[in-house]
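All chains are identified by letter, namely A, B, C and D, in their written order; residue positions are counted from 1 within each chain.
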Amino acid sequence: MQPIPLHGIIAYPVTPFLADASGIDEPTFRSVLQALLETDPAAIAILGSAGESAYLRNDEWRRAVELGVEATGSVPLIVGISELTTDAAIAKVRFAEAAGADRLMVIPISYWKLDPDEIYGHFQAIAAATSLPIMVYNNPATSGVDMSPALMVRMVREIDGVDLIKESSGDISRMHAIHEMSGGTIPFYNGANHLALEALAAGAAGWCTAAPNLLGKAPAQLFDYVSAGNLEQARPLFYRLLPILRFIVQGGLPTTVKAGLRLKGLEAGDPRLPLRPLAGERLEELHKLLLSQ
Amino acid sequence: MQPIPLHGIIAYPVTPFLADASGIDEPTFRSVLQALLETDPAAIAILGSAGESAYLRNDEWRRAVELGVEATGSVPLIVGISELTTDAAIAKVRFAEAAGADRLMVIPISYWKLDPDEIYGHFQAIAAATSLPIMVYNNPATSGVDMSPALMVRMVREIDGVDLIKESSGDISRMHAIHEMSGGTIPFYNGANHLALEALAAGAAGWCTAAPNLLGKAPAQLFDYVSAGNLEQARPLFYRLLPILRFIVQGGLPTTVKAGLRLKGLEAGDPRLPLRPLAGERLEELHKLLLSQ
Amino acid sequence: MQPIPLHGIIAYPVTPFLADASGIDEPTFRSVLQALLETDPAAIAILGSAGESAYLRNDEWRRAVELGVEATGSVPLIVGISELTTDAAIAKVRFAEAAGADRLMVIPISYWKLDPDEIYGHFQAIAAATSLPIMVYNNPATSGVDMSPALMVRMVREIDGVDLIKESSGDISRMHAIHEMSGGTIPFYNGANHLALEALAAGAAGWCTAAPNLLGKAPAQLFDYVSAGNLEQARPLFYRLLPILRFIVQGGLPTTVKAGLRLKGLEAGDPRLPLRPLAGERLEELHKLLLSQ
Amino acid sequence: MQPIPLHGIIAYPVTPFLADASGIDEPTFRSVLQALLETDPAAIAILGSAGESAYLRNDEWRRAVELGVEATGSVPLIVGISELTTDAAIAKVRFAEAAGADRLMVIPISYWKLDPDEIYGHFQAIAAATSLPIMVYNNPATSGVDMSPALMVRMVREIDGVDLIKESSGDISRMHAIHEMSGGTIPFYNGANHLALEALAAGAAGWCTAAPNLLGKAPAQLFDYVSAGNLEQARPLFYRLLPILRFIVQGGLPTTVKAGLRLKGLEAGDPRLPLRPLAGERLEELHKLLLSQ
């Protein structure tokens, strides 16, 4: 068994836009990345769900990769791939590898439902097109594709280059299944913020989260407490963070994290239409939650 | 109250691809459209769910619009718009209008969930960018967005240019709600093939379907029987068609309809990866279903 | 193929309680039954979901059977059996047969989920204990047991005495499946009030409903219109009834029908605790709905 | 804040039946209870879901209470109350109190859905009829009633005598909500066996489980490990127990636990019809799982 490649917090930046929404706000993206690097992450993952990957034009997406590579030399850089067609995914994978990314996180997305063979083929074709290691990312609520633990474990075993699993379905039993099916040998990461404590208790190798954008080192602290078996301190910390974790999950990460950054004084623009910026009572609620930290 | 703009079958072509998947097979697309025109449709709707709209490159999408306009002069041409961002939707809407389309069918799709205001804003911005009439298309299983009857009725009432509703959720109660909320004044169309008989009984103005690709005039015949109150003939016809209707819904329209066309001797290529062509037992099942018609 | 035993409306009375809730109000029960007989039913079914069968003490249940037999000589009397254990169900079946019932309607209920073999065994044991014909009743929302069309069709075919199916899941596709699996030979009845029009269009042999308590002959009229292929009159009648049908389904039949009878001047008592009588805004809503008929 | 009344494992016996199913096997029930007392429980809870409470005749139920009181003097005895009507629940509550029970666990069950006021009234009436403390028990999968955390917390706060919550929905977020809404002052117990590790990590005061019937002191050991922050030992123990925990949940507790006791040499009879004893491949699977402990 190899050592676990990543252990701890994998931090997800938003992708800041210019005020007129015409493109990426590059200096602010650098600031967002720099701030995340100071939250003790095991890795940085750009262009994930929080990064509005699916909403970017192709030129923007490529520029974001370049900016990510420039900014994150001190920890591994993961690039998210969420494309409807296999061809489009491979084109992005190749760009990311050439640009200097360290690893890929691939989520299959659907208009028409995919059967397990179609999903397997998607990962197989992508893995054949790159030498970068690949994290399988399951997030049915956003992608419309729900991969069973059995399928994900099979892909890690059989497809060269696929080695990690990120589970964001929010079903702890799936983490159990991954652990059991792999005899504990396949590292899995929790992407469901509101279950962070329990997923770590269940043995997750890490926590994939955009929360450090707003909560700084607190997620890394929670990880360390649980790693040390210090539930007496982990539990109150988790319950302190929980209202914000729940808020950013329920309100959509780009919408809520960009609003939170603005409240903290970092102007990262609005999410892209049809997504709307947080406003009114919801914005006030977030303001209060941040003040209570 | 204005006359119902479309009454009967709205027929949906697949988009045929070349054998090497590099682009649209233009002569075959013309053949598919020509064959649909002979099935007594009230309109033809290209680039819908069955047309793999979401899987096309931008250049392909535009070419498909041009081919559709050329081929369908005798009945209205509807163009489907399914884009994640409002800007991308508007760009396609403008192209379709300039190319000569008669009407749009707009389905909001999601990565991050959209709230009612975001959906409303999406339709409002699109309607403001075109003079073409717009059919609101609800299909949560493919799009990830579920619009309530109340929201759709409100958009028809308040947004100039939005005038029809296509309901594909498969919940007959929503058709009841549209009828009740609008006092029967807003025409609604059924997009759930497996409930065609019941939706027409409930008062649907028409049936949006890719079934005529495989079943010819039979869907139009079913519509006529129900319109005439001839349930004695409508019912056995519906139960004869039902196994195929259910099959194409469950297997994904592009996958199953392309397979069916191939079985009928029209080579329309494969669906685009990661979608795979129908094969093995499932293909044989479709073969038997077609032979039994 | 035998003639369909029942064709039309199967009407369900509530079970009136005395003002102090200590037992059945016998004269009022007779009045309720007499009023139902004047609504042109094909049969009367006592002690169903609407009849609070599950909430009665054993002595009350038996007395209700006797009262039903006395009152309904002109049409067949069906007695509902909803017991958790097979032994308790058989005891009631035997009582109903001895008292003079014409037919049974059996719904398996669950605390622990039942697998298909357990359900099959339940019906087999009951059928072996009686010579009365049995209608299989599926209503997962109240009973916690969901029988597939395949299981129900198999029981009708294999178990002597089981001959009809009542489907109350509200899923029209299950009615399709019963029709297809049985080649149209097994009569099925719709128990989902809010889909009455569509179920009849799909070929239901009848409609099992408590609506005649409040709506008199209108349900029978709807049945006749659809039977005659007269959708032009069936549709507006259905949409006129629909708000009340939906209301009584959503609010719970005993609660809403007893409230409606009270509004119409027939005091049938309250439902049994923990069920509460309809009150406040909901009661006013029902009042308005009844006035609008 | 008062001290938590119960801290640790609350153990649930099955109710053994005679071989001819005619009644309770009293000596075996005593043996089952005695064996549970040796598994280090904080309390014993008879006549719960595992105890087939809902399937017992009234005379059997009363006898089971008497047997429980006799056998469990060393730890508190909890009696489960699961009745459809409030009157029937109160009659049992009074019997249990008179017989010497220490505490009640009340689950509202439904045929017709209950609204929050109806549930509240049910608990209020029961609490007014007894001086025993009451644990609110939420288990929507078996009871058909789903109580929100907000409702349960409100009842603990407002109804004198209602003081604890058992959550068996399997949704960890509800445990978070109870903790948050009560500021950590209301003890909650986990009834979802397959999430035992995570619920304890989240702060559950205990674990309500029938697992000690088959797993002896292992559940108490897991509780102690997590209490001590010893996740390094808790995790492998939990993963060792998990296949059995999952098996007994999925197969129904009375069915699987009685089968397991038989495999271990204690003949506790079969569950009551329509429930069937475990047999065939499933029985072998359980056998292997028990041997692997």
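Operating definition for what follows: a contact is a pair of C-beta atoms (placed from the backbone, for glycine too) under 8 Å apart; a residue touches a chain by one contact, two chains touch by 3 or more.
All values reported here derive from a predicted model rather than from experimental measurement.
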| item | value |
| --- | --- |
| Far-end chain from chain D, centres as C-alpha averages | B |
| Whole-Å separation of chain centres (CA-atom averages), chain A against chain B | 35 |
| Whole-Å gap separating chain A and chain C, where each centre is the average of the chain's CA atoms | 52 |
| Geometric centre distance via CA averages, chain C-chain B, whole Å | 39 |
| For chain A, residues contacting two or more additional chains | none |
| In contact (per the touch rule at the top): chain pairs | A-B, A-D, B-C, C-D |
| In the complex with chain B, residue positions of chain A that touch it | 49, 54-55, 82, 84-87, 108-115, 117-119, 121-122, 125, 141-144, 252-255, 271-276 |
| Touching residues on chain C, where the partner in the complex is chain B | 172-173, 176, 179-180, 184, 194-195, 197-198, 201-203, 226, 229-232, 235, 239, 242-243 |
